[in-house]
Structures are given as C-alpha cells and as structure tokens.
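Presented sequentially are two complexes of chain A, the first with chain B as partner and the second with chain C.
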Partner chain A sequence: MNATSAQTATTPVLSEPAAARPALPVPILALVAVAALITAAALGLAPFTGRSVGGAAMALVFAAVHGAIAWGAYRAVNGLRLIYLASAPLVAVLGLLTGLEPRLALAGLVLWGVYFVVLNQGQALRWFGITVSAVSVVDTRPLDNRAWLLVLPVFAVVSISAIIPLMTVVNYSVQDIFGPGQAYFVGAEWFREMLHDDRLHGAMVRQILFSLTVLAIQIPLGVAVALAMPARGWRASVALVLVALPLLIPWNVVGTIWQIFGRPDIGLGGWALNNIGLDYNYTGDPIDAWITVVVMDVWHWTPLVVLLAYAGLRAIPDAFYQAAAIDGASRWATFRYIELPKLAGVLMIAVLLRFMDSFMIYTEPFVLTGGGPGNATTFLSIHLAKLAIGQFDLGPAAAFSLIYFLVILLFSFVFYTVLTRVGRGDA
Partner chain B sequence: MRLALDDVTRRIGDEVHIHPTDLALEPGLNVLLGPTTAGKTSLMRLMAGLDRPTTGRVLEDGVDVTGRAVRTRSVAMVYQQFINYPSFTVYENIASPLRLAGFDADTIDAKVRGTAGTLRIDGLLDRLPAQLSGGQQQRCAIARALVKQADLLLLDEPLVNLDYKLREELRAELRAIFAARDAVVVYATTEPLEALIMGGNVVVLDEGRVLQSGPTVEVYRRPASMRVAQVFSDPPMNLLSGRIDDGRVRLGRDVGFDATGHLAELAAGDYTFGVRAAHLSLARNNGHEVAVPAAVELAEISGSETFVHAEHDDTRLVVQEEGVHLHDMGRTIELFLDPARLFAFAADTGGLAAAPTPPGG
Partner chain C sequence: MARVRMHELAHSYVAKPAAPADYALKRFDFTWRNGGAYALLGPSGCGKTTMLNLISGLVTPSEGRITFDDVDVTALTPAQRNIAQVFQFPVIYDTMTVADNLAFPLRNRKLPDAQVRRRVHDVAAMLELEPLLGRRAAGLSADQKQKISMGRGLVRPDVAAILFDEPLTVIDPHLKWQLRRKLKQVHQEFNHTLIYVTHDQNEALTFAEEVVVMYDGYVVQVGTPQELFEAPAHTFVGYFIGSPGMNLLPAVVDGGRVRVRVPGTDVAVEGVAPPADADKLELGIRPEFLEIADDGHEAAIERVEDLGNYRLATVRLGEHRLVAKLAEDRPLAADRCHLRFPERFTKLYADSRLVA
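What follows is the complex of A and B.
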C-alpha cells in the first residue's frame, strides 16, 4: 500500500505491518457503531417487551461498549476491535443472568458477529480463508475523517424515522403480545403462520398480478405519450402541466374521484357505461372492481412515466436524429435503435419506481373499494392493515410486514440487476 | 460531384441564420472556418438536405436537389458529438448504412473490415460504443460516414471533443483519407490552425455570411477584409488605427515610420493596420523594426509559447513569444513591429488595402 498518509494524525495502537491491513475506515466504523447502539436500544427498550430487565441491562452494556467503539473508531485505535470481540460473550452471559430470553441473547450474539465483520471491512472473513475484493475496502488515508461526523444529524433523523421503527417491528414479530407488560417470546411462530396463510397467499397473487398489469400498461403508454408530446414552445409547457395534473392530486382524493366517477347512479363514468348497455358495477362485480382500480392507477401514475421518458427524450442530442435521417432510418428504426436504448436508463428508474409503488398501493383502492367486493381487490397493504389495525394481531402483522419488506427488497434487487444488465449498452 | 449553393438563405422566424449565399464546392477538401454561431452547422444542414433553404437552390452537378429527402441523396455526416447507435456493436454500427442501402452480406463484411482497418478500429468490432474511449467512438462514427462512399461528406467540428494529442493524430489520418477520395468533403472548424493544417480550400464564415473563399494559403495571406483576418488568425489579428501622410505611416499618437515596400503604394489617408501575434516580438530581430511601447496586462502560457497581452494607446496587442516566460504585470515593455509584416485595411470599409509579400514568394 502506498504510504502517503501524511495527513492522518493518529497511530494504531496494535501496530501491524502496514501492507497487511488496509487503513482503518474510521467514518464507516463510527456510523456502524452508532447504528448498533440504536439497534440495541430498540431491542432492549421498545415497548411491550415484557419483563425487560434483562433486555435493558443488555442494552446498557451494548450502549456502553458501542460508545467506546465509536470513540475508538473516531480516534482510530485499532485494539478496541479486540475488546469489542471479547466483550460479546461477556454481555451475553450478563444478559442471561439478568433473565434475558436465551434466544434473544443468541440473536444479539449473531448480530454482534455481523457487526464485527462489517466493522472490519471483510478482514474477519479473511481468517476463514474468504477473500474480499479490494473494492470493498474503504480507503480513507488522506482525508480528514472527522468531517464524516457531520453526517450524524442525518443519521439521527434516519434512526428515528426508519431504524428504530423497523427494529420495533422486528421486536413485535417474535413475541405474542396481550397488552403492556404481557408479552411472550414465540420465536418464528408468526413467520411460520403467515407463510402458510391462505389469505396472505391470495393477497400476494393479486398483488403480483396488479403490479404486472399496471407496469405492462403504464410503461409503453408513458413512452408513447412522451413521444407524442411537443418538444418545445408553449405547447410543450401546456402539455407538461396537463400531463402532470394527476400527480398533484392527494391519493385519497384520487380514490374519491374514481369512487364517484364510477358510480352507476350519480357518476359520469358508471352512468355512461350502464347507459350504453354495459352492466358495470364496481362494488358488486370483481372484474369491474379490478378494471376500475387498474384504470385509476394508470390515470394516476402514467404521468410519472411520461415525465421521466420525456426528460430522457429531450436529453438525446439532435445529431442522433440527423444521423438516422441521413442513414435513411425509418421512424420505427429511430425509435428502436436510438430512442429506446437512450431511454433505457430512465425507463429502468420508471419501472423500479412504479413497481415498488404499485406493490405497496394502499390509499386509492382502500378509498375506492375497501378491498372488496369480497377480497377481490385486497392487496398486501390492505390485508396488512386489516390484520394489524382491524384485528390487532400485532405479532402476525409484524411478521407479515417483515416478509412484505423482504419481498419488495428482493423484487427490486432482481429488477435492478436485470435491468442494469440490459441497459449496459447505453452510452 | 460538384455542389453549388445558389443564392440560398435560411431564416427561422425573424432570425436570419444564413444570409444570401452563393458557393461552389469542388471535389476535395473544403474547410468551413468561422467562430461559433457563424452558421457553419446551418450551412452544412442545408448542403446535406436536412433543412430546406428558405430561398434559393441547392445544385448537385447542376441538378436541382432542393427539398429532396436526405435519405435519397448521397450524403454522410460526422458530428461534434460521438454519434453511434448505442445498442449496436462497432461492426453493426459501421454496417448499418450499408444494410439500409441493401448490399449483400459479403460486400458489407469486406467494406466494414476495410473501413475499420483504415481507421484502426478493426480490433474493436465486437465492442459496444459505450465500451470505447472518446477517440475510438469518434473513429467509429467516422467509419460509419466513410463506409457509404457518399459523394458529399460533411464533418462538423469532428475533433473538437477529443483531447489535443488524439486530435493531432486523427487530423493527420483524416487528411490522408480525404486525399484518397473523390468526394466533396466539407470540414467545419473554429480553429485557424486546423484550417491551415488541413489545407485544401477554405470558406470563411461569419454571422451567417460567407466572407471569403479560396485556396487556404491564399486566403490566409491575403484576407479580403479585416474581419476575415481576425477570424483566420489565432489569437485574432492585432489592429491599430493609423494613417499615411507624405510617405510616412503613423500609428496612434507617437509611432511613425517611413512607408516602404508594399505600404509605399498606398494613397494617403486613414487605415487600420493589422499584424499577427506571431509577427510581433519582444526583442529586435532586424534594423527595420519599429518599437511600440506598451504596458503588460497579462501573460498566458500555452504549451511552449507565451502570449503576452499588452496595452498601447488604449489598444490591446497580443504578442506570441516562443518559450515559457514570466512577465510582471503593468511593466512597460517595447514591442517590435516589422513594417514588412503589416496588413493595411481601409479604415471605412475594412477591405484589404495592402498585404505583406510572403517571404520568399
């Protein structure tokens, strides 16, 4: 390694040959340590934890050790990592002695190990003969790492808005809760129950079907509308405003608009359909309800795809069109070989956004159909809300939430991987 | 083929992009030289048939092709941006114009490999444009244009987005490639130096007007007007107003010398005198030179040359000095001016009154 670390003011306590280890990634360490601290606090101190003396004790030790780690990381003292490793069993024993649920203590240990691997940026893996590519080693040599501490306020906000709620859900998902102070550890019970739940399966199938349907309509339609829109002048501004209007309407209002619009007695759409001889009733007929929900989502969200595709189209230099004209390329060839490849990037974003949003859809169908008729339009979120708020089954609902979260994460990851591979030809 | 523009104009709304222009281009290299917004691209689009002239005609070998669709004409174009089909490999990119023209597979293969070889990208045929460097992308775009064997080849500042080393390399190759062709090649550039290196004919454009056209060296030596001299000179030609009285040249208030050589034939009156930065010096080279006092304002070092900006009588002068030198700002120095290198333009019209005789010719 190149020893240009003239500006790093601190020296490792456990000195090892400089070539053997990458520089200590101080800011990452500090942030991970703070994350661990918050996680521990959430695990130990969240409400409904039951007899939480053990949890609280564990959390306190957690907090103390992680605080020390954060400080050590900040001062770039290498040896603290060993203290950290050694303190794990100590804390686990302490937790058990004070009445902590053994499996929770075990989970804490596992978590501890994971943090340790991350803290060492893959160094720990090397002891098991697993090599981590050099890319994953963060090099912080010539920088003033204290600047990273400026990230902490954002981190604090994210902790409150995301990390602590998420960890609370994790906490709920492994316990049966009857009320304040009455909670029993049930392990993976709720997960098992949820994975075998027929209603959840039904909601999942409907959800996938719905997401695929709206993607199949919205992406081509959005691109087509973007292609048809004027490129410049006052017409372009007017068209953009008109197209963007549905995006500006609050979601529950969208639901209300379509609820009224589709009513056979007073709604323009429903009345007109029934008057031309179609038997349309979205509150009674599952097919009609589906069509209404899909059309509403297309109306509401296609503009987003249009705006993205429009921006992508405007970014294509005019010279590409000239080159195509000189080559004698047809309109279709120009679209297929110039516009579409150039749009690949924004369309990838559009697909991801629309997939995630449609997979989490709640407000509009909740207002429009309330999940009915029967369970015809009960998508995952609606099912979840019924479970958690309607029936107050917090444990199963929490387990379900985590499964739901992981499914979205997985789908998005797969989409992203596939689409970036497709879009690699893009200049 | 011969390409002629017959009194063409191009207006968009109230904006005049091209003023009435007559131009005849012979097979060979024609350099369009002009600053940005001079109308080089607009003129090329008219030549290509991408735009229809507002008035006037475009003739190919005397045949009116105004308004004919560009795809039915034999035109190829290279742009400042690197324009290739993003999802095609280099091979398919070069082959695309041939496929549209309906050649058979063997001919296409032979032509693609031949052209790729000329541009030295034959090892990259399987790559996508995004996997190439800028220079290679532009080579691919040029190959796409060359492979068509079009009668009219337009290059719109093709080297401007490349770094200086690549630019020199590709420029030399392009010259050889153009020389081997029988097409009308139009090469637009903003750089006088590039125009001189490319040779051939030059068409000097400014603000939508053709100022002068002719063999490049001749236009450089005898610019028809002050504006041409400025456009075709980098840095722009130094201009000093003065007059000729009783066989003496007066520059500003306090510089005067006898009118000799090409200046001797000029009638008395007001003139604007011009001298290129390279022909001013900071040291005396011969006894004929006239000293001009000036205050240093700025010295820019560019490569192995130094451009010294100095002010004399409220006129800014630029001197090109060999080598890298440092200068103190504000110091008064003497610039040496050889009268034999002086251009004279009529003070009122800006037209050329006298040009220096090139040394040895």
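What follows is the complex of A and C.
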C-alpha cells in the first residue's frame, strides 16, 4: 500500500481536495467568542494592579487581539497559526516571569488549549484518538502539526533572548518602580511624558539626521568601492581582506581609535588638520564632533556595504554584461540597467542593516564624545542609557525604549515595503 | 549584413598555448556566407560558444584575423562590429518595459525616436509581443523573456549577423517549434546572416541551410543536412547525426584492399585506395543504408525493436555488432539474415576522417 492510500484510509476527511474555503462557520465563531469572554473575565477580575479599570480595558484589548489572530489564522495564513500558538503560552509564561499576575498565566493556558483545538482542526485531539467532527470538517487541507515540535527549540531560545526581556520592558513601562516589590501601575503616564519630552525630541532629530547622513554616504560609496574592486584572482582576496578590516575591530576600540586620532594635541588626524590651518576640535565644537562621528561611522561600516554589493555584483551572470556590450550599452547604462537592478536585493539588506544599526548607535559615540559637546552627539541610545542606568528611571526608560523600538520597526517596515516594491517593479 | 571570414583563426584560453589540447578552437579558415542560415552543431565543450564569441567580439582570438566584408574587425568591440547575439538564458533588463528592452540597442546607437518606435513595433509584431509592450519585462515567463532577447537581436536593421547560442534551451517543446519557425520566417524575410548554436541535431537540421559540425575544437564538416547524413566527413558526424548513429567496423588492409575481418566472408571495400600512414581504419555505414537481403554476408539477428513506424534490427556479423533500420513491412527471418553493404553508402574512415 502506498503512502497516499494509507493516509486516505485513516483520515478520509483531511485528504479530500480543498475547494473554495467555506465562510467562518458558527462553531469557530462561538469558540472564539467564548475564549475571548473567558480571557476578558479572567483579566478583568484580576487587572494588572489588582483594582484599576485600565486593567479590565487592557484585558478586553488582549482578548480582541487574540480573536483577531485566531481569525487571521483561520483565514489560512499559516504563519499566523504558528504565531498564535506560540503567543498564547508565551502570555502564560510572561504572566509568571514578569510577575504580572498568575491568573493571566492561567487565562493564557486556557486560551492556548482552546485555540490549539480550533486551529488544529481537531488534528491534535486525533493524536489522542479523539475525533471532533464539528471542527475537523472546517479545513480540508491535510495538516501535519508535528512539524511545530521542530520550532520549539528556537522558540525556547528566542523567548529567553528576546521575547521575555522585551515583555519585561513592557511591564516596566506601565509601572512606577521605587524598589523591589514597590511598583505601582501608572498606565500610559510614562508614554505621555516621554512623547512630550524635549530632550527626547532633540535626540530623535539628531538620530534621524545621523542615520540619513550615514546612509546617504555609505550606500553609494560602498557600491562605488565594490565596483572598483578586482573581480577575481589574488588581488580580489587581498582587496576583500583590506576592505573588511574595520569590521573586525571591536566597537569600543573603533571609538578609542578615533578619539585619539582626532585629538589636536597627540592625534595624527586632529594634529594634521590644525597644522594645515583648520580650527578643528571635536571635544569643543559641535560641528567638528558631528563630522568626526559621521566619518568614523563611514570608516567603520562602509565595508559592510562593500562586501554585500561585491557579493551581489559577482552573482550577475556574464551573459548580462555580454548582452549589454552587444547592445552597445555605455558603462553608465550597464550600471543603471544591469548592475543596479541586480543589486537591489542586497542593497535593500544593506540599507536595512545600516539603518537599524546606525539608529541604535551607542558604543562609538559614547567612547568618542560621550554625547557631547553639550548634547550635540547625544543620540537616542545614549539618551536612553543615561535615563535607564544613569538615573535608574526604569519606568520612563522602558516607555522610551518601547517608543524607540516601534520607531525602528516602523522605519524598517517602510524601507522594506518600499524597497521590495522597487525590486519587484511595482513602485 | 556581411560576409564573415575567419582567417587562420585559433583560440586558446590558456596564456601560452603549447599542445593542441590547449586550444579551445584549433586553427581553421572559414567563410560564413552573407545571408546564410547556419547551424553550429556539436557536443558540449566542443568550442561552439567560443566560435560564436569570436565572431561577436566578446572574445578576441589568440591567433588569426576576422573580417566582415573584407574589413578587419579582429580588434573591434561587439558594439563596433554591429553584431547581435542571443544567449542560452534570457537576458533582459529587469527595470525596463518590454518596449524599452527592445528599443535599448537602438537608443544606444542614437537612432531617431520615430524610427525606434517603428522598429520596436515591427519586431514585436513579428514575435507576437505586441500585447506585452507596456509590461515590465521582469515579471514575464522564461519563453517570453527569451522572445524579448531575440527581439533585441532582430530589432537592429543593419546588423552584420545574428548569433544564437542555444536560445531555445529554456523554452517549452511546443514553443520551441513555433519560435524556430518564426526564426526561419524572419530569415526568409530579411535575409540576415544567422548562426545558430545547438547540440540538438533536429534543431540544427530543421533550421539551417548549412550545418557546421564541430568536435573537440575542430570544424569537422560543413554541409547541407543531406550531405551530413549521406557522407559524414568524420566518424563523429556519423555518430552524432542520425538516430541511431552510423555503424562503425574496424578494418584492416590486406593485399592492397580494405577488409573488415569476418570469419569466412570478409567484407571488402572496392574502389578505395587505403591511405598508407593511417593508424586506425574504420568502415562506416548508416543503419538506414545497411541492406538486409537474400544473399550476402550471413549474420545473426540478436534483437529487433519495433519503434512504430520502423524497426531496428541489431545483428551480429562475426564479432561485430551492427544496427539496421528496416521498414515496418520488411519480412525478417527469426534468427539469421544476409547483409549487403551498398557501395555508395559504405564509407572508409582513416583516423576518424573520411577517405574520399
């Protein structure tokens, strides 16, 4: 007996061909509604601080989000099933780990169980020999949920490395913390405060200006260097190693190198500039400090763009250059119509990486200028660090870092969307 | 359009070639007729693409000269030579529309807009690309992309020659046939010099007026499909063209005559003087021409395969095995038969080359 017929014999419902998917059936709607109510009730009874109305409202939002995800998951977005199934136990774990509320953990587990059954189309129950016909007819596509087990290790690692710390920050951001065990729910107060904070505004403007500046320099420069590098042979290897050297230097050492290099008294760069008659002093003059930070970042990170662009260039088949030669294309036209379009993918990655990295730049300016002179080179992360581990204002700092996180996410999303459209040619 | 001549041409990718094996293309002279439709046929690695790149100027020959209508172009770039070339895999300019792709070679040569538009429309009509003209080229299917590549080759009215490097590799079989017919039609209409590289003999034989067969860096034969079939100049041509390939039997010289050793009934070749210094002699006959008759050399039938419209009989003559192609209705005894070697189609090869 072959594999197909074996499957047909044991799971006749699942192996039928999936035609048009039916509208969301009543059993599913009912389950989602019940689950949302259970969550809302559980959380409403035990809001975040134990008493406020805000807690109940947040619980409702929480339930609504669950419902929306479940709906999306039902609408055949397979990734969402996974996210959902991951998120529900996560909520439970977070409830415990971040000390929010044990009942939240319980609610999460209940939800997880309900959705697991629903989203699985009863498949999970079938593992235990139970057939739930009401749910198993919903989706006729064959599912093999055991593959999810393979995700568990990654999930475990990511939970510890990213999700739990992030959610801890979320927890901090809605509380006023005086000390261990002395935290009070303050709702969105820190967010309001941060969004109206002048120092944050200043840092944000400087940050955006800095990121745009380094992108505007590093991307074209990186492509230009990659184009100028030898394509093959020992020269290519030597060039690659030389170009990559700055990437191998620890970030704080990069800062130190430039700090000394730029000093007017003992630094080669600063000394030389002053000796040719320029009044250069990065510790005193904001413009000089800015130029130094930008030049340092260009020196440090352009190689990354070069490496990416170089790899992209090497991946272009010879036939494209040959066709261009035969079509009589100029060097510029070859770059414009062959190399640049073929590089679009790697340049998108380069822009994203460089944007995100430059937007969270900390170590090098911290070592070089410490954010000065005055606030001239105080970027978001330097400001944040002062707030969080300088002044120990954990609540405001947490709110700030969430805003910071969302801003990066937003910018990256916009970049990604625009650039992938460009790549596909829909823009 | 031009007559393309190759004078004493040879090419090696090695910096200092010494042995013949260093040469991707061995020294040869050849003239591609103006307006001819040629197929360049040979197995992978035989030097076909090198030959094409030498003509287009993508590769500069290490020895010899190339002239277009008696003008030396050896040192000129592809653009200066005014050659069009279509590659194995479609090359398109992703960010451009189909129309811009087709117009690209013309715009690079600064043709007036009106003329560009006219040419683009003509070529699009010819290749049935008209509905796609406004579309971006990036999202199209492989065969549409290859049509665009071809269109870029055909769009220039004054090209010296159009070269095709296995252009139909990525195309579906039924479209292959369509595009090949289109090319033939284009050739009849505009009389371009077309050189078409392929390793598929059907493609070569249906497309070309003349087929150039290459093997191991040598041009082994140039001829019409019929000549290649009836008088292969090289055992490789005999083996490569035709299905199944030519029967080749080791021969010896005995008493001034060429013979194939078969116990009792040696096959002798009449009227050919064997070359004195040949290391290896072979007798070749195509399965189509090997006659199964009532008298002649007696052979044992090993196997008969019925392929629908003909049959293939594998027979054993002494220690040699041969294949004969038979009509469906030809009666055949069960285990033994007699073979006749018609003189006209029985060829002698000395060191793989035809003895005239």
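The rule is short, and it goes like this: the second predicted complex is superposed on the first by the 279 of 427 C-alpha atoms of A that agree within 3 Å, B and C clash if a C-alpha of one lies under 4 Å from a C-alpha of the other, contacts with A are read in each partner's own complex, and residues count from 1 in each chain.
Keep this in mind: a residue touches a chain if its C-beta (ideal position, glycine included) is under 8 Å from a C-beta of that chain, and two chains touch if they have at least 3 such contacts.
Just so it is clear, the structure is predicted and the values come from calculations on it, not from any experiment.
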Clash or fit (per the criteria above) of chain B with chain C on chain A: clash
Touched partner set for A:D327, first chain B, second chain C, both or neither: both
Which superposed partner A:G374 touches (first chain B, second chain C, both, neither): neither
Partner chain in contact with A:P250 - chain B first, chain C second, else both or neither: neither
Partner chain in contact with A:I338 - chain B first, chain C second, else both or neither: both
First (chain B), second (chain C), both or neither touched by A:A319: both
Partner chain(s) touched by A:G277 [first = chain B, second = chain C, both, neither]: neither
Residues of chain A that lie at the interface with chain B and also at the interface with chain C: 317, 319-320, 322-323, 325-329, 337-338, 340-342, 424-425
Sites on chain A touched by chain B in the complex: 317, 319-320, 322-323, 325-329, 337-338, 340-342, 424-427
Residues of chain B that touch chain A when the two form their complex: 45, 48, 50, 70-72, 75-77, 79-88, 96-97, 100-101, 128-130, 137, 144
Residues of chain C touching chain A in the complex: 53, 56-58, 77-79, 83-85, 87-89, 91, 93-96, 104-105, 108-109, 136, 138-139, 149, 152
Interface residues, chain A side, partner chain C - complex: 317, 319-320, 322-323, 325-330, 333, 337-338, 340-342, 424-425
